[in-house]
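Structures incoming, each one as structure tokens.
Here come two complexes built around chain A, the first alongside chain B, the second alongside chain C.
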Partner chain A sequence: MRNTAAVAVEVTGSEPVAFENGRASLQTWRAFRREPLGMLALGILLLLVIAAVAAPLIAPYPPSYGDPVLASPNPQHWFGTDSLGRDVFGEVVWGSQQSILVAVAASAIAIVVGTVIAVIGAYFRRLDSFVSVLVDVTLSLPVLPLMILIAALVGPSTTTIILVVAAFSWPEVTRLVRSQALIVVQLPYVDAARLMTTSPLWIIARHIVPAVTPVIVVSVVVTASRAVLSAAGLAFLGLGDPNAWSWGRILYEAQQSGAMSSAWWLTLFPSIAILMLVLAATLLSVAYNDARNPRSRRR
Partner chain B sequence: MSRFLFLIPRLGRGVLTIWFAVTVTFLLLRLLPGDPALAIASPNMTEETRAILLKEYGLDQPLIVQYGIYLWQVVQGNLGVSFTQSIPVFDVLMQRLPWTLLLTGTALVTTVAVGIPLGVLAASHRGRFLDRLVQIIGVTGQSIFVPSIGVLFLFVFGLMLGWLPIGGAYDQDAYGLAWYGSVATHLALPALSLMLVQLGSYVLTMRSTLIDALREDYTLLAKANGLPYRRVLWRHALRNALLPTTTLIGLQLGFLVGGAVLTETVFAYPGIGRGIYEAVTQLDFPVLQGAFLALAITVVVANMITDTVYGFLDPRVKKA
Partner chain C sequence: MYPRKIALAAAALVASALTLSACAPSAPPAATAVAGSQTLTVATTTDVVNYNPLIGNSRSDYWITNLMYPHLLSIANDGSKVPQVATKWGYVNEKTGFYEIRHDLKWSDGQPLTAEDVAWTMNAVKKDKPSGTFYGQLANLDTATAVSPTRVEFTLTKPDSSVVEEIGFWGNIVPKHVFEKAASVAKFANDGTDGGWVSAGPYKLTKVQVGQSYTLDRVDTYPLISGGTPLSAHVVFRVFPDINTEILALQSGEVDLIANALPPAQVAKLKATSGVTVEESVGLGYAHMTYNMDNPDLAKLEVRQALAHAVDYEAIRKVVLQGQAVSTGSSPLMPVLKDYYDSSITEYDFSTDKSRRLMEKAGYTAGSGGVFPVKFRLIYSLQDSVTSQWATLVKDSAAQAGIVIELQGTERNTYLAKTNKGDFDIYAGNFAIMDDPVTNMTLSYLPGGAINYTHVNDSKLNDLIAQGAATTDKGKKVTLMREAAKIVRDNVYDNIMYTQNLYFAHSSKWTGFVSKPSELLSLVNPVSLAGAHPTGK
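== the complex of A and B ==
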């Protein structure tokens, strides 16, 4: 907390504005570089993003059928082939596109919506009790069954999945951001800002949102990794986009074809891909948190 | 009696949650593209048969009237009749709900029973090898996709070793004690998968709150009084550190139910999550509404239980 307050009195130009200054983020980066697990996580994430972006260069798009059916991993097919003879390596590489796209898009929407609701609730105190009840109630709903319901009714497509995952991810963001925002709005600099302008929008955008940014950064990662798991869950139930490969869809097709129990490579490789993405994101957020907090920095 | 007075506002919130779940489900089913009329009436029917059918299910009324009728019936405990199976929704749910409760209940109890000691172990070995190991297990467990671990268990324990059955909830031809035994063996793998993915949050929360509690003045005082370390840890610090863990149960319930749907799919377990998935594909609206209601009530009741436990753990709650 002291950190936020200290940052807040930093002066730029005529008006005090809360922000993470350049020096602080450089220190965070220096501390972060010394965390081996954090750097490893960052490396894995970069690798997965490169695989997603460069998918056409790495592997040809899996055709609708191929020759050796259910071949175990071999030099031609590193990850083996599935029950229609398609190359599993290609499916996993192309699947990274879909998984990362859904994670990024859904968490971006959830973060924006969740932050706006949290900050508005914290600033206009009369709305806050409504926001907190809404968040509590939404969080206690069985989320995956609701996602199944909507995806099945609307019809599975990438857009549907992104929107559905986002629609049920924002309360978690609101919960995290709200607790921080409630503290920030009581700091003296927000009162000072009220003396200088009458626009709550300006105060929220310029003074409150920057002060809760570190919490947002952490919740981006948490939300994105949960989004990966939710999207994979929907795809595993056959509610993924039928026109795009995703890791969940590989598992779904493996189960549908009945080859799941005999052809271990069909489940192993997409499972490892999901695990790596989620684990790397989690470790990254832990390392970022440690690096940002001066008290836990190793000197 | 006054010990339970603090539950009254929570009861109100519970009713609100159930109402919210019922309303959200009702609106989603009616406003989204899938048309319930198409599910029961085929387009090939004559206009008259179609009208009679729709009238029979009350689907010819305006939305608000349908909503009013539905709410009134729910309050009376009437959940309607399944479109596809033509038996009361209540009966459909009663076939399924016990299995889901058994699965999620077992998973939750074992998670807490394993998670708390592991968290204590990590916190009391802070920074050493055991702590690192427990943390790695926790974080990795949290990141695993439920079907992945489910298939792995199925493969290893069900197919390679042949120790445990790979699907269903019981043996058809077992009676008496053998039947209970078959229920237990069928439960083992799904419950274990669900436990492993849940475990991380409990262990990590337990660890960090216990580390904080061990730094507090009152634990220092207890140590200064000459109490043995074990007693300080288990009786003084742990009691306070249990509070956030209890809160976590409430927050994780929705996630637990979601995990149960996936687990039930992997192991062909006849629970309500699998039932929802089947009802969605068949557009069986009354069953869907009933299933969500059942899950919402389950979550609310479980929340009330954790709130009660919280009230006993933390005497301050009752005064507030």
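== the complex of A and C ==
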């Protein structure tokens, strides 16, 4: 939350840009490359994505059971084994697939919904107060209990988790994008666009959305990292998809088997994976924002 | 005269030997524990939701109310019933049962516990229908009457040879003079707000800190243990988030006993832990899967057989249960029920080839990936960690046979609601105590039975169960139940997978616990907690 807010302040403080061009992107990339933490975060994220995509090449899918049970890390099982003798390294690697899928899908839904509502609210000013109230109300809801309730009622599955996380993530996106879009719609070039066409859709798609793209990019990363945390939290409470491995499920099964107090490896490795993804996503968004904003670029 | 002198000398020698032996130091008598001021701290993972023992309970509800409201009968490790409040029980005729009860029990407010309390409890439960196992046992009860202060007789609507022992074991006795003030025992909260609780067990609840602890103080007299007085002054149930924190608390000396059964994978480790003693509790229940025959696919015998042969039972017992479970031979008559167990009924063998052949025989053709065009949804409770683990193994082994099983683990209340609505294809769960085959089969396999999750209605099976309920001839009953068990097994009306022996951990600084079957009774049964005491080391 803190990082999101910080990013929002930074972004809204920058000059709105009407649309992307190659030169600006290049400048951003050059500036980004000078951000060591950003590059490190990008590297970690790429590593995790590669692990997810290439999981079958890295580790065999964890079988139903194995031998020995609760073995500490050793050359055969780098991350040890769980209470059914399954390889924890395999679980973490294959778990990255579901975690990244939830992150991407939930944030994509949240971004689309959040952006559409934000720009509609900003462009059609009569709707803005309604959008504001809707966002404020949704943000004031007790998110975790509601997520638990919905996931419990609907039944745990990857689709449920994606939809539940997305359902509670879009208001944050709307708030960020709206603040930027409100500035953009008052700029002269948008007035000029209104003289060229009567289609609000064209103006929104052609002029407003490109101008808020930096905010959206930052939101994607921040929302994705929050989605991973939410999904892990739900899975730890037993509301994850029992048909697919996830980092939260590894933690949940460790807790259920009563092995948390003795088998430290069961909790350490999936926790590190979650930490790496969330931290990398946050650092990446901050670094991108710095690189994008000429005022905060490293000279 | 010599013989006389010799006799005198011998007598003198014996006398002197006796005198000397009387002077010699004798072996100390066996140490007898006496009531002290110690507090026994017990770890649990749930709060008490319901203080009324007549209503369906969670584990903590059961453990704590069990210390206050006694049962007529207790249970031995082989499922046979043993005296508790009742000293004798049986039938006056085929439609009249009786209990003779102890005369020396009193409620904690000084009122005697009499046959009137017993009869009133039975009639009130029958009338008000509180949810729970007790009411479930009263289907054939007509009315109960206290014919003397120590004898209860009750009439039945039809002959039922199991009902005396089942009511005696499952039903708590409550004080009439307290509970009769409520309009309905099914709605009586019994939360102690009306002047506290009245107990006839070894302990009485005195202090509640929701989310933290439940403190019980001992009563002055509890004749069911030797000495007549509970040894610990207080028993405190402390609430912990989960078994992990319970184990840590035991190891650190924060608690003296964990009420919850240990996860199988933790048993060996805790057995090897210094300062911790692990005790076994014999399993008297079973874990099973039932196939919902309302589903047209599962109504086919071959499909149920295919599913039954697609489970690696041995792997489940070896890996998930860590060898702490025994096969029942896929029969509801578990080996622990020695009189009933039939070793000729054998377990379904694990063979995915056989499963495939059975599916093909049922008319299904596997697609290009070897997968049959059916999908079954298996439900289980997320709070049941062992079932949650083997559900994955069941899914994976069925996949080898080309049968897709989708797991749906849910929170316990949702799981129970789905179970009662029949909203599942495959149900996975377990029963803590299935002590009486006739009662169990009545509930599990007769149409309308409370736990007939298969929704089976087999006339031959129905007839056998009805005959078993009516007969009082033990030999005949055993024969009937074995025949019924074979039908259940051959038709896969129930897929009984194992009986799990449970393990419980306590501090080695405490001793005197008495283990009883199942997690309900285990080491936290009233006699056990009343007799537990520090080792003195």
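The rule is simple: the second predicted complex is superposed on the first by the 282 of 299 C-alpha atoms of A that agree within 3 Å, B and C clash if a C-alpha of one lies under 4 Å from a C-alpha of the other, contacts with A are read in each partner's own complex, and residues count from 1 in each chain.
Operating definition for what follows: a contact is a pair of C-beta atoms (placed from the backbone, for glycine too) under 8 Å apart; a residue touches a chain by one contact, two chains touch by 3 or more.
Every value quoted in this text rests on a predicted model; they were computed, and no experiment measured them.
For chain A, the partner with contacts to more residues, out of chain B and chain C, is B.
Contacts of A:155 after superposition: both chain B and chain C are touched.
Looking at the shared chain after the overlay, A:195 reaches neither chain B nor chain C. Of the two partner chains, chain C is the only one that A:84 touches; chain B does not reach it.
Legend: residue contacts after superposition of the two complexes on their common chain; A:243 is shown touching chain C, with no touch to chain B.
Of the two partner chains placed around the shared chain by superposition, chain C is the only one that A:64 touches, whereas chain B remains out of contact. With both structures placed on the common chain, the touch criterion links A:133 to chain B but leaves chain C unconnected.
In the overlay built on the shared chain, the residue A:261 is in contact with chain B and with chain C.
Contacts of A:278 after superposition on the shared chain: chain B is touched, whereas chain C is not. Chain A uses residues 152-153, 155, 255, 260-261 to touch chain B in one structure and chain C in the other.
Listed in rising order, the residues of chain C touching chain A in the complex are 242-245, 247-248, 251, 262-263, 265-266, 269, 315, 319-320, 322, 382, 385, 388-389, 391-393, 395-397, 406-411, 414. Of all residues in chain A, only 63-65, 67, 69-70, 83-85, 152-153, 155-156, 238, 242-243, 253, 255-262 touch chain C in the complex they form. Within the complex formed with chain A, the chain B residues making contact are 13, 16-17, 20-21, 24-25, 28-29, 32-34, 139-140, 142-148, 151-152, 154-155, 158-159, 166, 250-251, 253-255, 257-259, 261-262, 265-266, 273, 276-277, 280-281, 288, 291-292, 295-296, 299-300, 303. Contact residues of chain A toward chain B in the complex are 133, 136-137, 139-146, 148-150, 152-155, 225, 229-230, 232-233, 236-237, 251, 255, 260-261, 264, 267, 271, 274-275, 278-279, 282-283, 286.
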